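Accompanying notes for the structure given below.
Order as written gives the chain letters A, B, C and D; numbering starts at 1 within each chain.
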C-alpha cells in the first residue's frame, strides 16, 4: 500500500487494510451495509457466499407470506452490519487499555467474519433437508470455513493460518472471548435482531419491529460478555415481545409448516424410490445422488440450492410413481395440507384419524403428520438445568447487574414458558368428503369446533 | 349456493359468486390483498400462476440491490389489488346507469383477471431469454389464457366460453372498453404503480414512493378512458418524478445490466455449443432442448423458471468448454463486467477497445458488449407519431380536461426527452493490467476521466 | 338541493345531505380525513371546535417528548375518521334489515358527531385545571352540546331538536344503542386507537403501533355491542400490549408528571393569593377570575386555552410573590422536579424527607408532592365489582364468543393487574447539597441506590 | 473534573467538557438527539431557548395541515443533531492536520451552538410580526447571543469572551471558516434538511423526504466550504426536488397564506387603533405596547409567543371596533379568505375587484390583499448578479468539482426559474352573493374558469 503522505510504500497486513473507498450496499433494513475491510469484501465475493442468494431465508414461509422471498444472503450481510455497528460503538465508548473487561479492537475482524459467515453452511430448505439426509449445517459451516478447497477458507487464511479456525470457534461458541460469542449468539444477538427486523419487513407484518438504534447504543461489553445500560430496559423488553409475536404469528404458521411436511415426505419418497431402484435413469436427480448414497463431499453440498431441488421436483411431476408425482405437484403448486391442533388429551385419536385418511385412499405415512412448534420466548439460568442460557442482564449506573425478568412485568409473564402448539396434518380432501364419508367428516368437525386456531391458519 | 335467509338453494353464476369469507393475503406494499371472488382465488391456485413465485420480478437487479429478490407472483397480486381498489372506487362513486361514460360494474371481473394475469407469460430472465430464443411473453400470455390445456384457461372458461379471449384482449389493449384497458396499461396504470412501490420497497430505495391513496381516490372513468380530478395534480406529478428516478437509479443500473450481458452471452454460447454438437450427453440441459431446437410447446415453456436455468448454469461450471464454464461462474458467483458510458462522438473507439480486449485474451464476442437504456419518462400525443400514447389528463370541476405537462413545470421539463445512457462493457481484468498492458490501460484511463458515472456504478 | 338528473329541486334533510365534493384533510396518522356530511364540516368550523387547536393533547408530555406538541383538534378529527371507517365497514358488511343486531345506518350521524365532539369540553391542561377549579370536562362537554348559545349546539339542532342530547348521551354512555357507545368508549374504541397511534407518532416512540386496518376490518356489530372476528386475535393482542407500553413509557413518564406537579402548585398558589387579596390590579389574570371566584359561565370557560394560561404565567414571572414567580419560571422554562419511587414500606419516610426539603428552604407544600400512576392494561368483568367493564370479545365462525384473555397468553399475563408506580417529587437542588447538607444528601442517596427507575426518568 | 484513572482532579475547560453520561432526547425525525457537551445542554435549558416551545415552526400552516403544530424548539434541536452528525463524519473521515482544507475539530462547538441557536431570534408569527412592527429576527438573534442580560449569552460567555460573537457571526455568514457557515446556511444545509424532513413528517405529506443518511455520509469539507462525493448525486438531486415540491405544495398553500393576510390586517388594525387612541384601558394588550410605541427592549421581545398574541386576539373578539373584532374571530376560528391567481396581464382588474368588495360592505384595505410566493428551487452563481449563491458542488474521485445542474437533468430543468404564483385574496362571502350582486359574481366566475388552482386550494 502506497502512502501518499510519506511517499513510501508501506505494507499493511491484509487484516488491517482498508478499502481505498468504503463500499456500500443498499439494504432495506439498515439503509446501507458499510464495508471497509477488503477481507469482508473478498468473503462476500466468494462463490460459497454468493450461493446464499439462491437459498431463501424462510424456506416455505413465502407460501404463507408471499412477500418473504428474501435469501440468506440478505440476512447474512445484515448480521454483519449490526455486528459492525456494535464493534464501532464498543471501540468508540469502551476501548480496552488492557485486562479491563472492555473491548479489545483486535477482536473486530473475527467478530465481523463470524457474523457474515454464521449461516454459510445452510443448504436449501435446510431444516427438512437435514432431517432426511442427516446433514448438519453447523458442522458444514465449520467445514466450509476450514477446508482448504473453499474460496472462503482461502480468504480467511490470508489473514492468518489459524484465523479460519478462530472464526469457526466463534460460531461454535467455544471462542474464549465471550463478548465476541454473545454478539453472534445469545438471547439478544446480531443474528436474532437482524432476522426479526428483516422477516418482519419482508412478510409485511409489523410485529418484529423494535428500537434497534437504542439497543445498540446501550450495549456495552463487560468481563463476562455483553450487557445493556438499564435505561435500555423498555427497548429490550419490546424486543422480547416482538420476538415472541413473530414466533407465534409467522414462524409457527400452520400453512408453512404443512408445506414443510409435504417437502419432507417428498424427499422421503424420493429416497425410498432410490433405495428400491425405482428411479428411471433419465429422471435421476444426479446432484442429489451423493446424498441418497450418503457419501457426499463439500463440493457436492455446495452445488445445491433451492432452484436445484425445485428443478428435480419439476421433473418428478411427470414421474410414474404416483406418490412422488403428487407430492411434487402439491409442493410446487402450493397445495397445503390442512391441520388441527391437538393436546395430550386428544392424542389417542390420531391413529384413528390416520386410519380414516387411509380409508379415503391416502397413504398416511406420506399424507399425514404430527408436528409441534414451541418457542421459549425468554429463558433464565437455573442451576442444574442441562442447557446453559445467556440471560439478558442490565447494568445500573453503579455497575451492578440485574436480570431482565426481574424488572419487566411483561417479560416475567412469559419467561420460561414454552408457547406454541402441536398439530395434526391431513389432506384438505378430508374436509370435502361430507357425503362420501360422513363418519370421518364428523370426527373432523368435532375437532374444528374445539379449535379456534384453524381459522386464522386458513387466512393465507 | 344455499341462502340461509330464504332457506332455499340459489344457483349463483361462477362469475358472480362471492367466497363465504373474504380471503386476505398479507402484503408489504398494500398491507393486505383482499380476495372476494372464487374466480380470482382459483386463478391464484393454478400451477401456471404459482410458477410465478419462482421467477424474480427484477431478474439480475438483485445482484446490485440485494434486497430485490421478490417474484412476479408478488407483483401480480399487487396489480390485482390496485385494480380491485380502482373498481371499488369507480363503482362507489361513478356507477353507470347506461351509455353515460361511467363505470359499468360488469367489467369488474375481466379487469381483475387481466390485472392478475398480465405477466403470466413471463419466463425466467425474461428479457434475455426472449432475445436468445425468440420467445414473446405477450404472445405466451395470450396462449396461456386461451389454450385449453392450462389450468388458467380452465378457470376462465368456467366464467364463459369467450371470457379467456376477453381477458387476453384487455392485456393486448384491443378490448373495446378503454377504461378497463387503461387500468392495466397506460402511463399511470395499476401495473406501473405497483412495481414502482414494490421495487422501491424491496430495493430499499425511497425514490419510487408516491401517494397511491390520493391517486386512486382522484381517479375517475370518462368516455374515453380514465382521468384524474385536477386536485390530484401534485400526486400525479410526484408519481412521474418517482418513475423517472427509479429508471435512472435502479432499472438502468450498470451492474445489473452487465450481469444481463453475461447471461445473454452465456445462453448464446450454450446455443452455439448445442448447434455445433459440443454438449456432452450427461450435461445436456434437457428442459432447454425444445428451445435450442426451436420447437417448444407451452408445456415446455411452463416448466422453466429461474431455478431451472440456474441449475444448468451450476452444471455448466464444470463444462469442458472454457467460455461456457467461465461465463456460468461469472453469472452465478456475481462477477460483473465493468462498463463506461460512451456517446456518438466516441463510438468509433469501441472496435479499438474490443481489439485490446481480444489482445488481453478475451473473446470480444463473449466478453464485451454495448448496451443502451433510455426511458421516456412521460410522453404526449403528437399527430403523425408512429406510436400512440395515452396522455395523462386531469379533469377540472367543470368537466374540461387538461394534459398533465401543461400545468406541471416539473413534468414539462422531462416530457418527451429520452433520458439514459449507452455503455460499453468489458472484463474487470482490463483495469488490472497496469503493468502488463500499459497501452490498453491508458486508453481506459482516458475514458474514466471523462466519465463520472463509472463511480456510482461501482457502488454496488 | 338541485338534482341535475331530474331537473327539479329536491329538499334533502340536513342530516342526509352530502357535500357536493368530499372534503379531505391531510393527516399524518390516517393519511386523509374524509368529510362527506355538511354537519361534520359545520361542526369543525365552529369556534368551540377550532379552539381545540390551541389545547395540546398531551399537556406537559411535550416537556419530555418534545415532538408531542399536537392538539386535541388533531386527535378529535382522528377519532372521527376511525369511526367513519367503522360505520362504512358495518354498513357495507352488516347492514341491518330490522331487529337483527346488525348495523342500523341511521345511527351513523350520531356516532360521527359523538366521535368528533367527545373531547370538546376539555380545557387547557385539563387534568390539573379540573383538580384546582373543580371543573368537569365531561359535564362541560354535555353543556357545550346542549346549550343554545354555542355554535356546536346550533349546528346539532339543525339536524333535530333532540339531536344535541342524543350526541351527548353517546358520550355519557347512556345512549341505548351499545354499538354506537362502544365505538367511542370501550377497551378498544376509536378514541383509544387514535390516541395510541397519534401519540406514538408525535412522540417518536414506536410502542403505540398496531394493525389498525386489520382490527377495523374484523370488527363487527352484534346484539350487545361490538365484537371482532377471531382471526383478529393477534392484532387485538398487539393493541393491548402497545397500549400497555405507551402507558408505562410515555403517559407515566416521571418528568412530565413532575411538570404537572409544578403546574398544580402554581395554580394553587395563584388561587391562594387571590383568596388572600394579594394580586395586584394590573397583574390580575382577568380571564381566570370567574374560576377563582367559582362562578364561571360556559363563555368564560371557552375563552381559555394553553396560551391564555401561559400568558398569565409569563406575567407572574415578575410577580412579587416569590413562590408564584419561581413556580411560573420553573413551569415555563422547564425546570422539572426530581422524583423517586416509593412503596408502602417506605412511605413513612416521606414526612421526614419533606422536613428536610423545608430545612433546605423550600416550602414542602409547594415544592414536594406524591403522585401515583397506575394503569389497568386490560380488565375483565367480575360480578360484584363496582365498575362495569366492557370486555373484548372475539367471535368464532360459529357465532360463539370468547373473551380475549382466555385465548391470549400475553394478555392473560397482564389482565387485571395494576401496573405503574408511586413517586415522591422534590427540587433538584436537593441533589446538589452534597456539602451544605450531607445528612439530607445521604437520605436521598440511600433511596437512589434502591431505585433503578430514577435513571431512565432522567433520560429526557 | 475528577479523573478516576489518575486519582487527581483535572480541570477541563467548559468548552471541552463532556457530560458524565450522554443525554438523549427522543425525536420523531432523527430518532434521538444526542447531547454530549454541557454547553449544549445548558443552552437548551435557558429560558430564551425554552421559549421556542411556544412558537410554532410553520405559523399559520397548521390551519391547512392540521398536523403541523410543531414548534421552533423541535426544529432547532433537529438542526443541532444534523450538524452534530456532520461534525462527527468530518472528524472521523477528514480530520485536519494543519492548513489542508480539511476539518478542524476546534470548530465543532461553534458550529453546534450556531446550529442550535440559529432561530432563537424568531418571535410569534415571525414573518407577519416583523412586517408590522419592523422587527428583524436576524438582528434579534445576534442581540440574544451577545447581550449580557440573556441566559444564552451567559452560557456562551462561559466558553470564552468572544464566543458569543463568534457564534453570531456564523449565523450572519461572516465567520471566516466557510465550512462552518455552509453547514448552517447554504442551498443544502442542516437547517433546510431538518425542516424539509420535519415539516413533511408533521404535515403528513411525503414530498419532503430524501436520503439524509446518504447525503451526510457523502458530505466532505474542502478548501472553500462543503462538497459532496459525486456518488451522492442522485440523493442530492432528490433533495432539490423534494424541496421544490414542499414549497409548491405546503409552504405556498393559499389557505395558509390567506390566514397570514388576516393576521397581518388584524395587527395593522390594532396598531391603527392604538395610534388613534381607540383602545380601551382594560383591553390594552400591555405586552404589545412597546411594539406599538416602537421602543421595545429585548426583554419585551422575549415575553412574546404565539399564546400571548392569541390571548389578545381572544380579548379583541369582544372589542367594540367591528373590524378588529371580526378579523380576530376570523383568525382564531379559522375563516380563511378565498383567493384567485392572477398574472401581469390581469393585474389591472384588481382595483375593480376591490371596488366591488367595498360595494359589498368590506373595507378593501382590511379584507383584500395581493400576495405572491415564488421560490427559486436551485440557483447557480453568475458573475454580475447582486446576490451570491452557494452552488452545490460534487467532487469526483480525482478531486475535481462539478456543479450539480451540469449533471442532473432534473435539477437543470428547474435551475434559476422562479416558480410560484401571485394571488388576490377576498372574503368568501363574495362567492355567495349570486343573487344580491350578480355583476360581481360574474367577474369572479370569469376568473375561476381560468384558474384551475382554486380547486386544490380549497382542499383544506
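One rule holds in what follows: a contact is a pair of C-beta atoms (placed from the backbone, for glycine too) under 8 Å apart; a residue touches a chain by one contact, two chains touch by 3 or more.
The structure displayed is predicted, hence computed values, not measured ones.
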Any chain that touches subunit D and subunit C: A, B
Distance-maximising chain from subunit A - centres being C-alpha averages: D
Where subunit A and subunit C are represented by their mean Cα positions, the distance between them in whole Å: 43
Where subunit B and subunit C are represented by their mean Cα positions, the distance between them in whole Å: 49
Residues of subunit A whose C-beta touches two or more other chains: 24, 31, 211, 397, 459
List of subunit D residues in touch with subunit C within their complex: 23-29, 31, 45-47, 50-51, 53-54, 62, 65-67, 69-71, 73-74, 77, 201-205, 282, 286-287, 303, 305-308, 310-311, 314, 329, 332-335, 459-460
Subunit A residues touching subunit C - in the complex, by the definition given at the top: 206-207, 209-211, 230-231, 233-234, 238, 241, 244-245, 248-249, 396-398, 402, 407, 409-410, 413-414, 417, 419, 449, 452, 455-456, 459
Complex contacts: residues of subunit C adjacent to subunit B: 21, 24, 31-32, 211, 213-214, 217, 397
